[in-house]
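Same chain, two partners: chain A is paired with chain B first, then with chain C.
Here is the complex of A and B:
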């Protein structure tokens, strides 16, 4: 993994994995090879001006050049906000958002995971949401004249387990929406 | 070759056996060998070529060598340029091991397109045409069909042409890595392979790559000495400013450059296509220098050599230098435009054109005439002449430049009341100076008529562009009314 977003000074394609682009295509990044590098996606990307080094066009090029480690190993691929602007403006019907998903999936498979992500997964599985209401939030609520919100954490895992048992062991699939456990992560 | 029939015995041409070979490198060596095979004696150019005059078989060349001007006689000139070396970054190509670097044409001859990594470079040395891009794309697909990995380098993202978009798309979808570069990638030493280095325009980063094979377009660069010689010889230049082979190797009838050959244009590095061109050169030179068959027909002009005043007026007048001098005037049949200006200016009136239109003029001069007469250049459109009113006699000339004061005065003497010379637009004259000369001749005759107190308007000159029949009608009508 390279820390510098631009990678090494000279990119040596001798170590390139030129099958990588095929892998990305198969993982759902179809249209990748249609890219001719016009940069329309980069021009419309709302993340690019905020995050140094993030550039959809650049990522596609690195994939095409077989830079597996460089692409999957860098935290940049996780910055996509999935706004689909890139896809909207692409003249070649390249779905960069789909490529982005494919890259994230491949990164997880390859064991590259940004450190925040497991914590988020933990939160989701414990509380059913990414953001749990605590004292800080209740103080703010009090100032606004709202009643305090009780924490509902703690029993979510057992809830899920019970649900899974009821559905006949299909625990990995999301169950029907429950009142309390609702749409995690909003 | 000899047009001037002296006492019925054609003057034999004695072609000069020496052949000037301009160029350097292996193509020049091969061309010199071809000259020897054709029975000639190759001489190489020392200095700058400043001029070429005369005819095939006896060119007079002017060479400037270190400020000293020298002249010499050669039978023919061969431009034999070894294609210009690859532009800087690919200079190491010649040193590549056999089989590592090959041109598209050489790739065609390979039984298998091969596997491994191939870099295909197209469009860097000559402008990409739809044809050449299509060939490159097809070659790329063939390489990939053989299981190879393809890196395509090109300076242009797209070339419009039927089917190209599809080919290009196909190539990309099969996984070719396409890189658009302004300059070809640099070659780097790599044992048993070809190292390439380029600045990726998207990553803005140096990229290094080793491939098993380099495939490229034929280098079409024109060497500097050939470019300069082409300019000196007044040869039409092709799009790359080099002598256009269509005008040199196979001179069309409208040039006076028979005897000037160009070989080696468009030849590839390590290509044997030079062989074909050199064989053709041997053949042509053989006809020119050996038997002289190439230059022996006389179908355009004839003259009585005994009456020739040796004044060189014909030689100076010919717009395409088709008349040369070999102890007397000689015409180059392949260069002659049949305009007849030489016959018009000959003070001894001994040049006799042999073409068909001349019969009409002869007949005209022998018969008595009356009314209006149009002498029309052979290129004036039939539609224009068809619109002339009844009673106007029309006679075609090969070129309006054929008219001389003598012809015009003779026609007036035959009884014609008006003589109109209908010419092409002077800027569009096929024989370059024919139309303008006709204008001068008419002006001269009008002067004479005026000074004799006769109406000058009996003779007029009407240069016509296409669709200007009104102008001709107006000229005839206006004159009639006056």
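Here is the complex of A and C:
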């Protein structure tokens, strides 16, 4: 029953980083330490049956066991679709979706991130949105009687300046999985 | 009745049919949607990089809504979730609010607690109410059946969404479909994740999730699937061809935005509701309600 599909590596208790779980809690992964390992999260996860090795319960356990490198360096933490099914059924108020965001934030700080993400910071800094709204779009809108939209970077350029600098500084190493593009396209 | 209309990134560029139909329905119901041209991205795309930066962007939009003295109404479930969560966090955590406001000060804004964020559909159900909705129906969509697709962030996290609908066995979209006179078709997969959050980085995985949803809807024998989120639309409508190709399927499930169906039942014509922009058509439905053209 506990015959997990092969993860990328086997945990090594000799290399446990005892401060890691606290780091995850502080990064926004509250509730982490409430986990008693029942696996309700995994039972309701829509990703688990479709992505070999992905298992919320296992990830929580690895964090609690201080497996910093093993967790942050692995592509699996980027597979959460943020559907929140796990935390809805958790009897211990563990918010796995939030833990998952905290892990991604920490991975980014450590230099692991999918290659498409910094481009989104750039888009928001330039247009305030993921898609620029130009004349063409507003003409299409006007034909349907819809009011014009404006894309302005201004505020976001200043609010995201710190993040952009941090990402630039991290040298944006190539992501754990290659970005296949497509998401922002059509 | 007035609310600030928060458009988000995707809807005003890619889902004009959704926006058009929602504005018509709002007008019919006496709900004034107030435009605020300074609204920009909700912050959701930044959350993987930095939770607090995402929250700060959300805080900016909430502060703009506060400036209008209005609650926010949005057509995107991801925006609704992100903004509602930000309001929830900022209202409860004074230290965090202080930090975010420190940054917003630089752009001349301040978040004041108490801002409420609604998905448009939730607003219809809770604020407009069933009585007024029922009274607005002029011609029932008899004989048609649609699968309700709730997606995720319309309902969850339920703590943030105040459990306005049951996150495991939701009913609001079923009831709205039934309100139009059509049948709400069960395909056993509600609420159901479309995988949209992974499209940018893990397209194949995202496609697998939507394929399950579409297969179930087709097997259930519905006239289409009714949804309420631009990401669900990108996946279930926009990716349907690719899903067919990569998984060797032959799916053809018409996809509608729920307000288009509400609008039809409220007497608007298909062209007034942007049905031409739906990519996977249901001719029967359009022909049954097209007047003259």
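The definition used in the following text is that the second predicted complex is superposed on the first by the 103 of 186 C-alpha atoms of A that agree within 3 Å, B and C clash if a C-alpha of one lies under 4 Å from a C-alpha of the other, contacts with A are read in each partner's own complex, and residues count from 1 in each chain.
Convention: a residue touches a chain if its C-beta (ideal position, glycine included) is under 8 Å from a C-beta of that chain, and two chains touch if they have at least 3 such contacts.
On a predicted model such as this, the values are computed, not experimentally measured, just so you know.
J.: Does the superposition put A:78 against chain B (first), chain C (second), both, or neither?
T.: In the superposition, A:78 touches chain C alone.
J.: Counting only touches as set out at the top, which of chain B and chain C does A:105 meet: first, second, both, neither?
T.: Only chain C is touched by A:105; chain B is not.
J.: Between chain C and chain B, which one touches more residues of chain A when both complexes sit on the common chain A?
T.: When the residues of chain A touched by each partner are counted, C comes out ahead.
J.: Going by the contact rule set out at the top, does A:36 touch chain B (first), chain C (second), both, or neither?
T.: So A:36 only meets chain B here.
J.: Looking at A:22, would you say it contacts chain B, chain C, both, or neither? Reply first, second, both or neither.
T.: Only chain B is touched by A:22; chain C is not.
J.: Please work out whether A:65 is in contact with chain B alone, chain C alone, both, or neither, and reply first, second, both or neither.
T.: The first partner, chain B, only.
J.: In the superposed view, which residues of chain A touch chain B and also chain C?
T.: none
J.: Quick check on the complex: what are the chain C residues that touch chain A?
T.: It is residues 7, 9-10, 12-14, 16, 19-20, 23, 35, 37-38, 40-41, 45-51, 53, 56-57, 60, 103, 106-107, 152-153, 156-158, 167-168, 193, 195-203, 205-206, 208-209, 238, 274 of chain C that touch chain A.
J.: Looking at the complex, which residues from chain A come into contact with chain B?
T.: 6-7, 9-14, 18, 21-22, 33-34, 36-37, 39, 57-58, 61-62, 64-65
J.: Under the touch definition given earlier, write down the residues of chain A that touch chain C in their complex.
T.: My answer: residues 27-28, 46-47, 50-51, 78-85, 87-88, 95, 97, 101-102, 104-105, 108, 113-114, 116-117, 120-121, 124, 128-131, 133, 137, 140-141, 144-152, 154-156, 158-160, 162-163, 166-167, 175, 177, 179-180, 182-184, 186.
J.: Which of the residues in chain B come into contact with chain A in the complex?
T.: For this pair, the touching residues of chain B are 149, 157, 169, 172-173, 175, 177-178, 180, 197, 200-203, 205-210.
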